[in-house]
Amino acid sequence: MNLLEVRNLSKSFGGIQAVHNVSFAISPGQIYSVIGPNGAGKTTLFNLITGIYLPTAGEIFLNGSKIDGQPPHRLAGLGISRTFQNLQIFMNMSAIENVMVGAHLRLDRNILKASLRLPALRRRDKILREEAAELMAFVGLEACVTQAADSLAYGALKRLEIARALASKPRLLFLDEPAAGLNPAETQGVQELMQKVAAAGITVVLVEHDMKLVMNLSNRILVLDYGKKLTEGTAEEVCRNPDVIAAYLGVHG
Amino acid sequence: MLKGLSFLVILANIGLGLPALASEPIRIGSVLSVSGSAAFLGEPELKTLQLYIEKTNQNGGVLGRPLQLIHYDDGSDAGKANSFAKRLIDDDKVDILLGGTTTGSTMSMVPLAEKAEIPFISLAGGTVIIEPVKKWVFKTPHTDRMASEKVFTDMKSRGISKVALLSETSGFGQSGKKETEAVAGRFGITLVANETYGPKDTDVTAQLTKIRNTPEVEAVFVYGLGQGPAVVTNNYQQLAIGLPLYHAHGIGSEQFITLTGTASEGVRLPAAALLIADKLADSDPQKAVVTGYRKVYREAFQEDVSTFGGHAYDALMIALNAFAKAGVNDKAKVRDAIEQTKGYMGTGGAVTMSPTDHMGLDETAFRMLEIHNATWTLIK
Amino acid sequence: MNEVQKSPFLGLWFLGVTLILLLALLPNGYFLDIAIRMAINAIIIIMLNLLIGFAGQISLGHAAFFGIGAYSSAILPAHFGWPSALALVFGALFSGVLALILARLIFRFKGHYLAMVTLGLGIIVSVILTNETAWTGGPDGMAVQDLDLLGHKLPGDRSWLGLTGFLLILCVWGTINLMESPFGRALRALHGSETAAAAAGVDLARYKMAVFALSAVPTSIMGSLTAHYVGFVTPNLAGFTHSIEMLTMVVLGGMASIYGSVLGAVLLTALPQLLATLDGWETVALGAILVITMIFLPKGIVPTLTVYLGKHSR
Amino acid sequence: MLAPFLQYLISGITVGMVYAFSALGFSLIYNASGVVNFAQGEFIMLGGMLAVFFSKAGLPFPAAAVLAIVIPTLLGMMIERLTIARAKNAEILSLIIITIGISLVLRGLTQIFMGKAVHALAPISDSRPIHLAGAVMHSQSPWVLGFTVTVMAMLWYFFRHSLSGKKILATSCNRSAAQLMGINTQWVMTFSYAMAAALGSLAGVLITPITMTSYDVGIMLGLKGFIGAVVGGMGSGMGAIAGGLIVGIAESLGAGYISSAYKDAMAFLLIFVILFLRPRGLFGAKATDRV
């Protein structure tokens, strides 16, 4: 049974067809990548699935139940979590608090209990803080547990966002260009992190330009071009597909 | 830090040029709206108090004691008036309260004066200030009811019975509207239209057009003060409505004429004798005090008097007479002395107070005036 | 964030001691009056800071809730004979529901649109209070009966300062805890980035409704208490100038800073009294102080000082 | 039945033009700096008061008018240089508080040096009103209309075809990118404040014969201008003028047909409806937040 299934999904902004009639399916435990030249509609597809944009047409199913049109916060409740192409970090908070917000749905958000500083709530908060510290270590940020978010380097912020996404214990993790702007060493670090996350049983959906990273990591790859689905398949199949080469490297001779 | 502040305040006020009278000064506390929407009334009131306190001090003060004015500007905000009144009573320990330019500010100070049992003479027009009578609260300006009665008497004499009322949504305007609606029946006058405008409105053609299209309207009565009535009068001329135009005593100052120019031709209003001081017959008992105040004020400030300044003058004089008669320290005696003011000839008219009337003016205090080529003229 | 590392409750002891000193030492009604108004304003500004500083929303009409509280405590006992405590509760509930509805309608609006809508609320409420003369006494305002809490009345100004001071300390303690809780973090996340907060599971509409109501209800209660304390209410309690004064206290004291809110409220309540003797120059002085503070302490007084002290103390 | 409607419309347009100038001032400064300038109303007040002050001092109207525009313009530039520019990395809200402080200072100084009384100014042409099919228009209204149209045309040309106009548009889109292109964004900021002040004071000079002026007319004019700018779509010049007119006409029709007491409240209710249907204002640019 597919974890996530997309049928004939389309989205247009005024005249522009950003995503046109795309269908694909992801089975649990996979690392599934979406690649394509700039402007192919990768991020728009992400935003459609994670509820940021409303689809113009088509349906999305999670474990067989229809989820298109749901607002992002309800999708989070269904186990979908994501990072963003251009970093969305709570700069007005500390690094560890950023991660703690990720666990929002698993917490007691009652106002009265909080104002009265009830011991039960304080205890859970302490456990959460430790959990967040572990997650930061997991993504390699153990050194910045006590720092404010706005004092971290770009690479660290990228990892912080992943830690926050993991804090909601998702079943499906969408990563929008996690390696963008990172140097080779950092990219290697992200690759290892991805493998650790997948090993922990979380299905990862990746949008990425770094072909080496994509080919090493992905079980299956979806290739988009001008908003349409070019092809889908394993890393080897996609590599040898002439349309993919043409779309990326331009037609020969 | 705050304790040092009040010492600073007293120091600042002593610097007002007090002669070297050794004995303890009589402290007169006042809260006036010298800024904000009622600045138009508050400023002449403050200037009058400062002018006449200095003059009194030059001829030896009262009972050999100098007068000292402690004044705060409430910026036309009743909440600030309340807090400054507390400061005057508790911290500055004043002997009497003068002020409250607007009815709102006055009413927010009334509970404090009553609780602290200190005489309080208000300069605001609202009838509610003295009805029901409050032991420690008095007022010098005419009530808005008297103005409406005077206007309706004049309208009756010209056979007018269908009147359109246009009142301002300010304290003055709404209190006037309430009184006008209450007394209209007594004079056989029906209000065929009842419109309002905002104190800061810059155009009232909409309301005036509505009034013009009310079929049987015979005259228009505008209840407002400051900028509003001038805008109404100019729009009135523009729309060439042509019906007799009456205003309330709120426009009683030269500024109304300068702002309206030819549009004010033929406008009628009830006003204190102050505005036509030089045209009063010599036999008129008010002539002396009115011309006196007008001359002194003009010399000091090179600008014309307004009836609002006159209210402050009357309040101060009534207070000083009471001090002269009953001494200063016993506030209850001063209160009684004010209540027994008989035949005091003020700029507002002859004042005779009683335990049931804490204002003491009758409708003779008002004269009907008409504006002819930009000057106030008395209607016989 | 350094404010949080030092124990936040240190400031609470300082507030408690100051309150006791003031209760004992303040000589007369006038100084008590200033202290009471400072305590009332401080509570309002702390809760408004939840909305503006912590949750990043903006309200240019917050005095409307103050006016609703004040006038329900004036009208209900006078015209309908309600006990004052019930009138206070009604005002608070009415403001809360109004805030919830308003937040639900405009939760998509941001920045100057939100400012415009809240500005509109403020003006509409003060226009209604000015024009419904039969109920509200119109622009001249109306008197308010004494507050009777379960039968007995608050004897004097000192008991008023005791009540409002205690409420302030309770409010500071509660908001510190609230801001350290999941709810508080969700609010601050909302300010950081709405998109990311939503993706983390924060229901934006519900949280904006919650924070609007959470800042409206205490403001309405303070409006009721002020009405009973002063004994008189006028429409400009709900007016535009009062809303701007509130906003200025928040920003002057320090956005997203609870002690900053207290400081902002204390300073801007004392300032008109200090400047009162400058006859005519008060407006200029107040304006100049605002401009200068905002230039040299752009983040507000307390946050800028905390950063400054933080840098130097380490 | 037409005459009252026409009368409401005409007085609505006249007042609306004043709100339009104020809204334009808001949009200009918002465009360049993202700040909602609450001192905009005071520029209008200053234009009116200075015009009265100079004509009372004996200057002929054109000279008084020019001075009444030049002084606030210089003041606008000084304000930007001395306060807004110096508040580095301040949040938008802190900048708004600075403009509130400035409006208090301007209002306080006018109150002290030019008094609290209300003043009027003689209209440009003689003061006989113009009759149009039963409705009446102040003789000054055509002048206000004429200036509004000319100013709109000048601004349209300035932003469409002149280099400095494009510089301002570029800065409003993306300040750092504009700097990279060698645009002196500092100059753009100062120039926008100067232009907003000039527009405001011009409006003040034009409308004083109709509405009279005093030291505190600025507050309401500023507020209505802000509403007009938001209704028209913050940041769009055309929108500001249309928004200002809509607010003026809505007020006038509301006062005429429904109730004059609730005029301000009705203007706001209408605006809620417009914003609710079109959250970004009539002419505002569509903004999808790029994530």
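What to note about this one:
All chains are identified by letter, namely A, B, C and D, in their written order; residue positions are counted from 1 within each chain.
Just so we're on the same page, a residue touches a chain if its C-beta (ideal position, glycine included) is under 8 Å from a C-beta of that chain, and two chains touch if they have at least 3 such contacts.
Please read all numbers here as calculations on a predicted model, not as lab measurements.
Taking the definition of touch as given, a chain qualifies here only if it contacts chain B and chain D alike; those chains are C.
A count of contacting C-beta pairs for B-C and for C-D identifies C-D as the more extensively joined pair.
With centres computed from CA atoms alone, C is the chain lying nearest the middle of all the protein shown.
As a whole-number value, the distance joining the C-alpha centres of chain B and chain C reads 36 Å. The centroid of the Cα atoms in chain A and the matching centroid in chain D are 47 Å apart.
Once the centre of each chain is set as its mean CA position, chain A and chain B turn out to be 73 Å apart. Per-chain CA centroids place chain C at a distance of 31 Å from chain D.
Listed for chain A are residues 52, 84, 88, each touching two or more other chains.
Residues of chain C found to touch two or more other chains are 130-131, 195, 280, 282-283. Contact of a single residue of chain B with at least two other chains is seen at positions 34-35, 169, 196.
Taken together, the chain C residues at the contact with chain A in this complex read 1, 173-175, 177-178, 180-186, 188-189, 191-193, 195-204, 210, 214, 256.
Contacts from chain D toward chain C in the complex involve residues 30, 36, 83, 86-95, 97-98, 100-109, 111-112, 219, 223, 226-227, 230, 234, 261-262, 264-265, 268-269, 271-272, 275-276, 279, 289, 291. Those residues of chain B whose C-beta lies close enough to touch chain D in the complex are 34-37, 39-40, 43, 169, 195-198, 200-207, 209-210, 213, 226-227, 230-231, 238-240, 255, 258-259, 261. Residues 50-52, 71-74, 76-77, 81-82, 84, 88-94, 97, 100-102, 104-105, 107-111, 113-117, 121, 125, 148, 161, 164-165, 167-168 of chain A touch chain C in their complex.
Residue ranges of chain D in contact with chain B, taken from their complex: 3-4, 7-8, 10-11, 14-15, 18, 111, 116-120, 129, 136, 138, 207, 210-212, 214, 216-217, 220, 252-253, 255-256, 259-261, 263-264.
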